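Below is one structure, written out as structure tokens; the observations come after it.
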């Protein structure tokens, strides 16, 4: 066994870290926090210019041919830096899916726009009545000659207000089982009939509801087969589950350790010297390490040519559940000062723990709820009979 | 609101406590621990002589007409004393069920033998393939004139080796839904064809498997209607779910507090002065208090004429789950010395915490597993749709 | 033993509950953010004589026992009332213990002119931090050294109300400066300490009742949601994992309610050494946090939308535990009560 | 990065695993209770040169790295081998660090004559308590004041092997008395302390591997049971509450395995200051406890019958966490590593 990363991965990681140290300024982080939009055009274009949106692709398709290990290092460093990279993730996901399932025209026209950092994407999967049960999608697409007419509503289309394309799951067939009547499109956001309404969340993030009314979409924006949308979405989902939030867990703990090391209690003793504070910080450290290892295991399997479906799901489940437990424990140990928000005088860890406590709640939901993840692990990983 | 007990309940409690202080000697407790049989004939007969096996019955049926509050005080004191009263519980349960569902002959013949403390009972419900799904009972009873011929096997017939009667659930009809083909009997243990095999458990308790081979049972031993056994069992079950283990939780915590107050760490400081030891002891104290309150709430509802089906189930669920969490925490704080068994030199709290850690594991199983309890609370208490 | 509320309590619950259902609707609660203060809610409660309800009638109150105040606290929690109700009720009783010097401010509460609150911690370097209700109170009772004092603000200078997790009216207050120069000593030495200790136990018990009210309301929202929300063709409340989680929470919630009720009962019985207030605050706080967290998560993505009400409960439940301090320290306070102080 | 075991490790796993599957079957494990010792198991492992495997070939060992020893430890845990395998392997490496004075006892392990173990805590009032393997070891390495010593028993007098939760061969040993008068000083002062600290980290890491092996085996028993056991007409493994519990455990178990593997890897890399051994012991101990407890409870009443194997795992998993001390203290030890010592 060897837990050290190959030299080329460490070199790449160092390059990424240097780049991020320069470009992820306090200003960039503050702006993302203030707007709730975890996407920064300046940073995004610089990342695109480095070629990192497609870093994991074969060079023949314009990528850098980086291994799953390098890609995990890239993702880890981005989250560790605190960079607002939701947009990077979605752009990479959509572009990657188009590379695998798109038409030549899409690869020539849309993919380059995304990879250059000029165009952003958002995901149009969830609907009011289709959350975990995403196949219950009711947004209709009806063929009309060489066009499709789309009507419906999508929830949680994060970044829609910045995006140029929505990766839109629609229902095209009512006469077949629900998974078999779906079709995917990559629809330009400036198409007539698309409306974006902001949604504010307890975590401070902005997301959106998008409404689609008589939206006419040319057939060339269709991704994959008619009624083959489920397979396209599954292709994309594989990229979503990993221990990406590990970086946020590290930042959370760093804040808590720094605060506890500086603060003093009523008797002048360092907070970090309190036994139960020490126990909680130590416990959070273990959770971080385990999150990290589960993520690297999945990356390593991918680098060995195995699709880590169950392992990536485990990494996602563990990391996000740990994140919530840790935030809960660590805001507690700050006591009342943990309640102050970022920017307030005297806020423990400048309010970042309070912000994390609110933000982390959503991480067990998107990209597959913990309940969905547990079902996948039980059925696919353990071979248990289908749940009742 | 008034949490104080009426004077007559406190008086009765004091009487019980005085009685138990006299009769539950260290020797009685040691013997129960050594044999794993939580029944002591001497104590049992003394309790019977006090009339407490039927204390809750109306006086016209030979009882003392004691209220549900007095009965809860009786049960609480018995468990707090550490008395081996498994037998008291089963005897009362069977006698009470016979009072409600038995024939005149049973009430005249069997009930007095039980109430006098001369006859013990055991419960024959569980089978190898019928645990939580007790209605899956496969032990057959086939009518043959004025007799029934019983064949089958029962698991966990605790006290069978001391008992004079087994309260035996059998299948009498294969042509109806499983709940509707069951019949209950109260069978003398000396009937030919009954065999008792001891089963030893990780908690140190002895239980048994009982085998029934061509056992011929006269019809007068039948309890309730033919094919009406489910209703008889439900009548009995109501008596089973409460916070009886609260007393054991108190004993557990008392042991831990005493040990931590006496013990010293390497630097000569009292163990109980360690902050995380204090936190755990305090947390266990809260759990004890809540267990106690949930039990009293159920008793109070009964005293008001309401059947506390859901509330008794809550008391059982909370108390037993808390018991396990507390034992887990409290054996931890003893460190290595917590591993020594009762009777070994240097054992923390004379090994009683170690014994409780093993014993408490079974409490979330018998009388309805935690999973069964949660299902009852969800469906009956919260009105959630039947689980899938 | 009688676990029913009295008729008077039922009437109070009904009256306060009806008023708050309108005056402190989720829309109003949102509108009162981020400060967590709605003058109309205070005025309405004052019109019902709530602030000084727990004070004897000779002093202008209703002579209500803590168990009655707990009913009010529970309704305030259930409706997330944007006003420092618990703090004002505790302050009123504290002032009533020193009517000669505290009479003026007690009258302020009897008349319902505006809130008076208490500081849960002594000042540190002349500064009271995160005083509950401090952002909107006209005066604050605090233990300053060995003096129990009430200080009043001439202006809002030297009072900072930081944005916080709960959108609660917490404030930092600099004592001994121009703006807070009205200072009356209520008691000194042992009497001062005992009075504050008693007030803190009342605060613990009533806050526990407040948390139970909050948690019951949030639990109701969660249960209704899982009955209504369908996924995979069935109500999500039919999934066993959901059911079992809710069953455990229903159980702890019943336990929390009993514990909070018993804590106020014990204080009403005059049991000053009771460990029940600390138990109740710990357990009800933990329960409220678990309940609101589960109810939020059972909403899926909707739980995180500001537009849904459950997040209002979620944020307040956590904060109410923390405003007194790290919950682990509260456990140690309980240990002091139960097992005596640490040696040496 | 390579998370595969080496071919040599696979061979070791295969060899040790095959041997233990027979020699340490559940029946044999039961027969070895309550002492937790089976001479045939020791002899078989000794015949495979296990005890001194981690010692250089010049000193008679196989020059195996800790990662190789972890494979043996994992198999010992999986089969609950009634012999102090981890302790002997750690003792051998400790003795190999002082071959001049420790050579005789190292030879004892190289030859497989009998176990040598290490005391996890210094003596208190001349007494070593609950030494793992101490009930059956021919000698014990201990840190006695500022001396690292190895002491040997002439007879079994002054050695008490108390019955315990795990049926493990723990013993209390009175030093400096007649029976334990053979005493060799291996090192003194800073060298002694460092050697013992390093040995304890090896013990932590290998015990973590042992716990992972135990937990994997217990998890397998649990999963098989819920697939086989039917209630209400379906396998109980089809109930969502059962599935979700097992899915969480499968996840932590994977994490525990990685952590244990990384801890031995870090020590093999020479990272003496690594916090990974303490992390691994904490997390693998907790995981093994949760896994064995769940597996036991999923058996319903059968889980409590001595006749079923799962209780053997359940008891040992808990005890292995405790033999070093209260797990909370181990967390504080980890905090010392991560954040530096407590001030003052």
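Letters A, B, C and D mark the chains in the order given here, with residues in each chain numbered from 1 onward.
Heads up, the rule we're going with is that a residue touches a chain if its C-beta (ideal position, glycine included) is under 8 Å from a C-beta of that chain, and two chains touch if they have at least 3 such contacts.
Keep in mind the model is a prediction, meaning the values are calculated, not measured.
J.: For the chain pairs B-D and A-D, which is connected through the larger number of C-beta pairs in contact?
T.: Between B-D and A-D, contacts are more numerous in A-D.
J.: Which one of the chains is farthest from subunit D, going by Cα centres?
T.: Max centre-to-centre separation from subunit D belongs to C.
J.: How many angstrom between the C-alpha centroids of subunit C and subunit B?
T.: 40
J.: If you average the CA atoms of subunit C and of subunit D, how many Å lie between those two points?
T.: It comes to 50 Å between the two C-alpha centres.
J.: Which residues belonging to subunit D are in contact with no fewer than two other chains?
T.: Residues 239-241, 244, 328.
J.: Among the residues of subunit A, which ones contact at least 2 other chains?
T.: 275-276, 279, 371, 374, 388
J.: Along subunit D, where are the residues that touch subunit C in the complex?
T.: 239-241, 244
J.: Under the stated contact criterion, what part of subunit C meets subunit B in this complex?
T.: Those in contact with subunit B are residues 1-6, 67, 223, 226-227, 234-235, 237-240, 242-244, 246-248, 250-252, 254-256, 258-259, 261-262, 265-266, 269, 275-276, 279, 282-283, 328, 331-332, 334-335, 338-339, 342-344.
J.: If we count contacts the way the header does, which residues on subunit A are in touch with subunit B in the complex?
T.: Against subunit B, the touching part of subunit A is residues 274-276, 279, 388.
J.: For the complex, give me every residue of subunit A touching subunit D.
T.: So the residues of subunit A touching subunit D come out as 1-6, 9, 69, 257, 261, 269-270, 272-273, 275, 278-279, 281-283, 285-286, 289-291, 293-294, 296-297, 300, 303, 311, 314, 317-318, 321, 371, 373-379, 381-388.
J.: How about subunit B: which of its residues touch subunit D in the complex?
T.: Residues 126, 129, 131-133, 136, 155-156, 199-203, 266, 276, 328, 331-341, 343-347, 354, 357-358, 361-362, 364-366, 369, 371, 374, 388 of subunit B touch subunit D in their complex.
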